[in-house]
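Here it is, the structure, as structure tokens.
Should a chain be cited, it is by its letter among A, B, C, D, E and F, assigned in written order, with residues numbered from 1 in that chain.
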Amino acid sequence: MRKDRHRVTEAQRDKATVDSVLRNALNEDIGTGDITTLSIVPEKDISKALIIAKEDFILAGLSFAERTFKLVNKDVKFKAMKRDGSKIKKGTVIAEINGNTRSILMAERTALNLLQRLSGIATLTSKFVRRVAGLPVKILDTRKTTPGLRFFEKYAVKMGGGCNHRYGLFDGMLIKDNHIAAAGGLKKTVKLARSSGYDLFKIEVEAKSIKEVKEALSSGADIIMLDNMSVDEMIKAVKIIRFHKADTIIEASGNVNLENVRAIAETGVDMISVGALTHSAPASDISMKIGR
Amino acid sequence: MRKDRHRVTEAQRDKATVDSVLRNALNEDIGTGDITTLSIVPEKDISKALIIAKEDFILAGLSFAERTFKLVNKDVKFKAMKRDGSKIKKGTVIAEINGNTRSILMAERTALNLLQRLSGIATLTSKFVRRVAGLPVKILDTRKTTPGLRFFEKYAVKMGGGCNHRYGLFDGMLIKDNHIAAAGGLKKTVKLARSSGYDLFKIEVEAKSIKEVKEALSSGADIIMLDNMSVDEMIKAVKIIRFHKADTIIEASGNVNLENVRAIAETGVDMISVGALTHSAPASDISMKIGR
Amino acid sequence: MRKDRHRVTEAQRDKATVDSVLRNALNEDIGTGDITTLSIVPEKDISKALIIAKEDFILAGLSFAERTFKLVNKDVKFKAMKRDGSKIKKGTVIAEINGNTRSILMAERTALNLLQRLSGIATLTSKFVRRVAGLPVKILDTRKTTPGLRFFEKYAVKMGGGCNHRYGLFDGMLIKDNHIAAAGGLKKTVKLARSSGYDLFKIEVEAKSIKEVKEALSSGADIIMLDNMSVDEMIKAVKIIRFHKADTIIEASGNVNLENVRAIAETGVDMISVGALTHSAPASDISMKIGR
Amino acid sequence: MRKDRHRVTEAQRDKATVDSVLRNALNEDIGTGDITTLSIVPEKDISKALIIAKEDFILAGLSFAERTFKLVNKDVKFKAMKRDGSKIKKGTVIAEINGNTRSILMAERTALNLLQRLSGIATLTSKFVRRVAGLPVKILDTRKTTPGLRFFEKYAVKMGGGCNHRYGLFDGMLIKDNHIAAAGGLKKTVKLARSSGYDLFKIEVEAKSIKEVKEALSSGADIIMLDNMSVDEMIKAVKIIRFHKADTIIEASGNVNLENVRAIAETGVDMISVGALTHSAPASDISMKIGR
Amino acid sequence: MRKDRHRVTEAQRDKATVDSVLRNALNEDIGTGDITTLSIVPEKDISKALIIAKEDFILAGLSFAERTFKLVNKDVKFKAMKRDGSKIKKGTVIAEINGNTRSILMAERTALNLLQRLSGIATLTSKFVRRVAGLPVKILDTRKTTPGLRFFEKYAVKMGGGCNHRYGLFDGMLIKDNHIAAAGGLKKTVKLARSSGYDLFKIEVEAKSIKEVKEALSSGADIIMLDNMSVDEMIKAVKIIRFHKADTIIEASGNVNLENVRAIAETGVDMISVGALTHSAPASDISMKIGR
Amino acid sequence: MRKDRHRVTEAQRDKATVDSVLRNALNEDIGTGDITTLSIVPEKDISKALIIAKEDFILAGLSFAERTFKLVNKDVKFKAMKRDGSKIKKGTVIAEINGNTRSILMAERTALNLLQRLSGIATLTSKFVRRVAGLPVKILDTRKTTPGLRFFEKYAVKMGGGCNHRYGLFDGMLIKDNHIAAAGGLKKTVKLARSSGYDLFKIEVEAKSIKEVKEALSSGADIIMLDNMSVDEMIKAVKIIRFHKADTIIEASGNVNLENVRAIAETGVDMISVGALTHSAPASDISMKIGR
């Protein structure tokens, strides 16, 4: 599963980008100072704090939480007790933090906000993945991510066992109905795409009906996305595609939920993309408890 | 309801901040260029596009969506058909966009991602607000917001009829158990807060039991937060507080949901804060359709 | 006096902000290079330098001076001989610096410029504080600070024994004549403030006459600022306020100077705010002397 | 006096730099919002405001004040009634502002803080300039400016009738005792400077005694700075320099004040530099009054 | 030739990026002010200036030159007389500029520096393209671009009639010898690439010999790059590839120059990539002449 | 040759500026991740890599290459085998790199791009310098540098044995024909320059004919630039200047190449400036080879 770790490495390289998001979030929360803590907690007070699961979930984002504490005070010690991608049971201690009490309290909310969101995404992804267990299909994310957090959320999808679709508009070619309308017909559209000079990309085409599937096939698309089809239509579409050009990659998309995902997977598609993974995952419940 | 509009005005002033979030999100998505659109859509092609509700919700963030299109191409026309805070029915056209097709397609996803999230928050907030209709209580947000989007999300809470708790650690004094532990007792803690020089702030104290409510009262807290109490405990707490110091503000917090919020409101508390408003609201379903 | 150190701690957290101001100032001075030093001083030359008081003053900003040298060259050693808030005598060595001569010369002016200004502010503040010695009154700063240096200057006020008023427009509610005019009457204004949803803030109202003091009192203001009143008026105002609502906080403001500050303090006000602390404090005379 | 306007033009070009300073100052003050104004002043309220002199001074920085209001709200109208460099009488209306009341109130303090400081500098400079009226001597500023505001303060010096010394370490060569010590003797130092490759700069040398003046002369310095000399010494130094190399530029520096500046000027030096112009000028008293 | 204009459109969108490069370059040159111009040219002086070709070349970057003048002074009028991609004859007037003389002089060097470099690249590219005229082959750029100017330089290649290879490491998969060594064999490497989850990209493999070409073919590479082969080897390689899998894209790379490019093209490869286009193109000679 | 190292020291100080250029270049190349390397190279794989000269050249920029690798991964070891300014023979190992394979591959192109360009500049400069060996003349660069890289390129010129002319418009006064036209005559122009208040700069005047040389001489210029003159004209010009004012500095400029530079030098000018050093130097051929 090495590939699931790609983005962590990237994170290690692009620390500047990660730090910029975390610093921004810290500034949002701390602003000109944590007036409660500064008033009450002695300057050199030292504490131990535990990050604790308040429900079951799949963990994602622990290194970002650690970095958040470090950005407030590089001398705070952060000991991870669990790894990203692990199944966490309610009550589990995920990390132990030691250091200046003021610093720990100032970083708490920002660290938890990110950790709760990413673990929520990993947890929801994991549910989809488990539903299709045993079938040769990938669960993919979409571009429906939170503004500013795409890197983090796509990482969380991987931690939940999912795969990443294109990162953005620049690293994948996906032809939708709007493109076809603007260019005037699917065949012409794919031809334009082929002659565009972007020869290093495969061409993916969205199809909303069997008719469009056939057009996509004859246009020479490398990947066909079955958009908002019923399971019955998908079965038919997959059959046609496999018959004509077996190595075409097939993606299912639209209205996918935990109830219908297995039936969709059983149609024989290669990939199922699910917007809800990133736009509607409820946060996991995680808290921090300061001891003495 | 003028106060519900505060943050819009601030947004008008601090366009630089808003723009920075939107630009960042656009860069995330567009990167070095929308290769599909650039390949297929003619450079000077013009389109009309509609933003359409795919389900019922409360609208929030339309001016940010407009700004997103303008940042890609200032010549794109954006005609809002609805106002933030309105109840939107499935199928309603929320806005009409006219201009360069490439520009519209490049901004689409970023604009929708923000609009869907903020409308989701406004919609969930509105549900809580309707549950307590007729009672003299406010529904408040918390600091459990998405990193980098606090301003936007607190605005969405207002559009849903909720109110904003403190913005961050710098503009409100809220004493929690961790502060009390670090300082050594509630009374001492409040005394430290009083002598801290932050004389312009009221002092809010968290209480987890009737015993702590009494301590908070005798310490002279201006606001008491009943944390994670049962409804029965809350009834008792409110009674005690009102008897001893009637103008103390009372806030309920912890494990609030749509099922129990009315019962909590009926205890007579002044404010109920709900973390889920911002950390677990599912996105509203909104799409863009390009015509010709 | 722990509270006087709040902002230092914040500085430790928000090193990014401090560094940004210092880097900006260094760039302003050094630009594309210190052509004199680069021409004359050998690249690896090592020196010892002393920072020396050329007059008496209260020290403020030494850690920022240290940081300035470190930003030019992290290997320069900076040994503080005095602490912020200390009374410094003419001729005293405040710090000893060892390291690369070029680096020391490049940082000199920027470090001194900040140190001289902050010590000037601490010194002037300290004079006001000493004038009211023995009386239960605080000397406060205002928002009349140098653009870009508010954090540093409010810190210097604390080092001189003063206290900080609100940091900015966002963390304190202060109703002035302009607000009253815009809203239409003091009573209505305070009512608007109370219903604004900013329930965590106390409400301060400016009063220019006994009549306005009475209006402010009856409106329920938490803090009353006596603006530009004569000492006689203040005596009267304090008497009225204490009689009607003893725990109202009273602030005096406007035309305060070293000659009249004690008389004002003796009227019984709780706080006296002085704009000159930050807008008109002459710089303290401090120089750097390189030895061999 | 066209040359006195150089930096304004530069300001027009480098609006980005000016805006960055003003935006930073606005953020410092407004932060997450002006809670008083947002609570009390209706969103669309319109006002007229006057900027008024509360004492006599020389005006400097009015275009920056205007820009500050524009940055908050570009629709605010700002009508300058006076020009930078003018003598302003107490009670004079300097500018009239019309527009959204909230915007005007949010920008007020930041605009005034800069205007008061720059006018204070222009006013003090003007006093020095008037003291030497009729004599062929220039009053110069130094590098003892406020961190981050050098551009603004050097501009204010010009508005007061002064001239600018080098902007920073990069655009002028000034050899001080520390350089001489590091290089080992004045002659060797000047030789190093001459062979450094910076052939486009004149070489200025600091001299603290007649002996050093003679050394500087024989080393071939283009400019000699008489540092901290008594008037008698200066008379002697000027005589020697004029005798040996008449076109050498002579600068006086150190301990210059309004009492001794004329006597120094009468020694025949070409330029007198005064650190106090920028590091110790008291702010001019200027206020804003909102009408209806 | 619409596709050749892709990046212009992107430039229109990402004006922020373009402006940031231009502003940075202007600051580099102007710094604290153009002391010559400020001293000599009257503040409100108006001039007409012509940008003139001093030799023959292909034009690229005129809109960036225009933007440079606008960034200095938005009121300067810039009238383009030629279009990017045109053949320019020595002596031709490329653009006419009207406006404030100071502004024009301050922007001159920065605008010309970029224009000369980009036209140089377009001119060199055009020479390669003309050498292969009539053959079905594309001339491609590489990632050997000037740090910070990749966008501009890839645009210039298009203006010269060339095509763009991948933009960077993120939008194309190109397996080189180093990757093969690290993974342990070509077959294993391609397999890893196929299972990496980046299903939207074609896979390009570098081959240095006929043996490696065969391995690449059998591994299923979509694109094969013939690296540093002789023309004879290339002829052989193309034959083998076309025989086994006709739709494989073939790229030639390494030691390509104007002398051998046609012979390489005649081997039947689809694309020839040339590092020199961006790393060694001499600047075109272009100057600005101010009239009255 | 200590003076040749000035800018390295500055680089040490202004690491922030250097890092900003390198980070920008890395982002340009790596973007959202090196998909090839992430797919194929194991996360913790370690390699040794060599930077090798593929032709003869003068080395410049090795510390920037090192910094590039460090910015990707601070744990990568970089061992420089050669020093900037050295003559490098084809086949020489310039540096040895050890560390994480992914990190090394991600930094490779960016590091080489800069190194190749700077070495190319140093090499071309060195050729010019060698041509004038034995003559008392300096080879100077111009402001015709790559946008954003002026600091790096002026450094490379020094490494090749050249000298730097003014850095930008702000640190040298150079009067050209356009200035003279705008002001109305050379004499008036120089007079304006003299009275401009920039007393610390020498005044350089461009002369295109013997007539203009005489005018420049009589105007009192400190430096005269012979612009685009023939060698014969230059001989005459030098004679006239040396006769009238022997210490005037003389610069030759325009159409200088390797063929004519020695003849120009023999005319007796002090400095020869060559635009091609920075705008048309071909890149040196340098590659990186990963071992195991």
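Following the convention adopted for this analysis, a residue touches a chain if its C-beta (ideal position, glycine included) is under 8 Å from a C-beta of that chain, and two chains touch if they have at least 3 such contacts.
Predicted, not measured: the structure shown is a model, and the values here were computed from it.
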{"item": "Between the pairs A-C and A-B, the one where more C-beta pairs touch", "value": "A-B"}
{"item": "Equivalent interface positions on chain B and chain D, same or different at half", "value": "different"}
{"item": "Furthest chain, CA centroid comparison against chain B", "value": "F"}
{"item": "Relative to chain E, chain with the most remote C-alpha centre", "value": "C"}
{"item": "Centre-of-Cα separation between chain E and chain C, whole angstrom", "value": "54"}
{"item": "Chain centre separation in whole Å, for chain E relative to chain D (CA means)", "value": "46"}
{"item": "Sequence positions of chain F contacting 2 or more other chains", "value": "3, 6, 30-33, 38-39, 42, 106, 151, 167-168, 170-173, 196-197, 201"}
{"item": "Topology of the chain contact graph, where touching chains are joined (line, ring, star, complete, other)", "value": "complete"}
{"item": "Residues of chain B touching chain A in the complex", "value": "21-22, 24-25, 28-42, 45, 47, 101, 105-106, 109-110, 112-114, 116-117, 120, 143-151, 167-176, 178-179, 181-183, 189, 192-193, 196-198, 201, 276, 279-280, 282-283, 289-290, 292"}
{"item": "Complex interface listing, chain B residues touching chain F", "value": "31-32"}
{"item": "Residues of chain D defined as touching chain F within the complex", "value": "3, 6, 138, 163-167, 170-173, 195-197, 199-202, 204, 223, 249, 271"}
{"item": "Contact footprint of chain A on chain F as seen in their complex", "value": "23, 30-33, 38-39, 42-43, 72-73, 102-103, 106"}
{"item": "Complex contact set, residues of chain E against chain B", "value": "2-3, 5-7, 9-10, 12-14, 16, 151, 167-168, 170-171"}
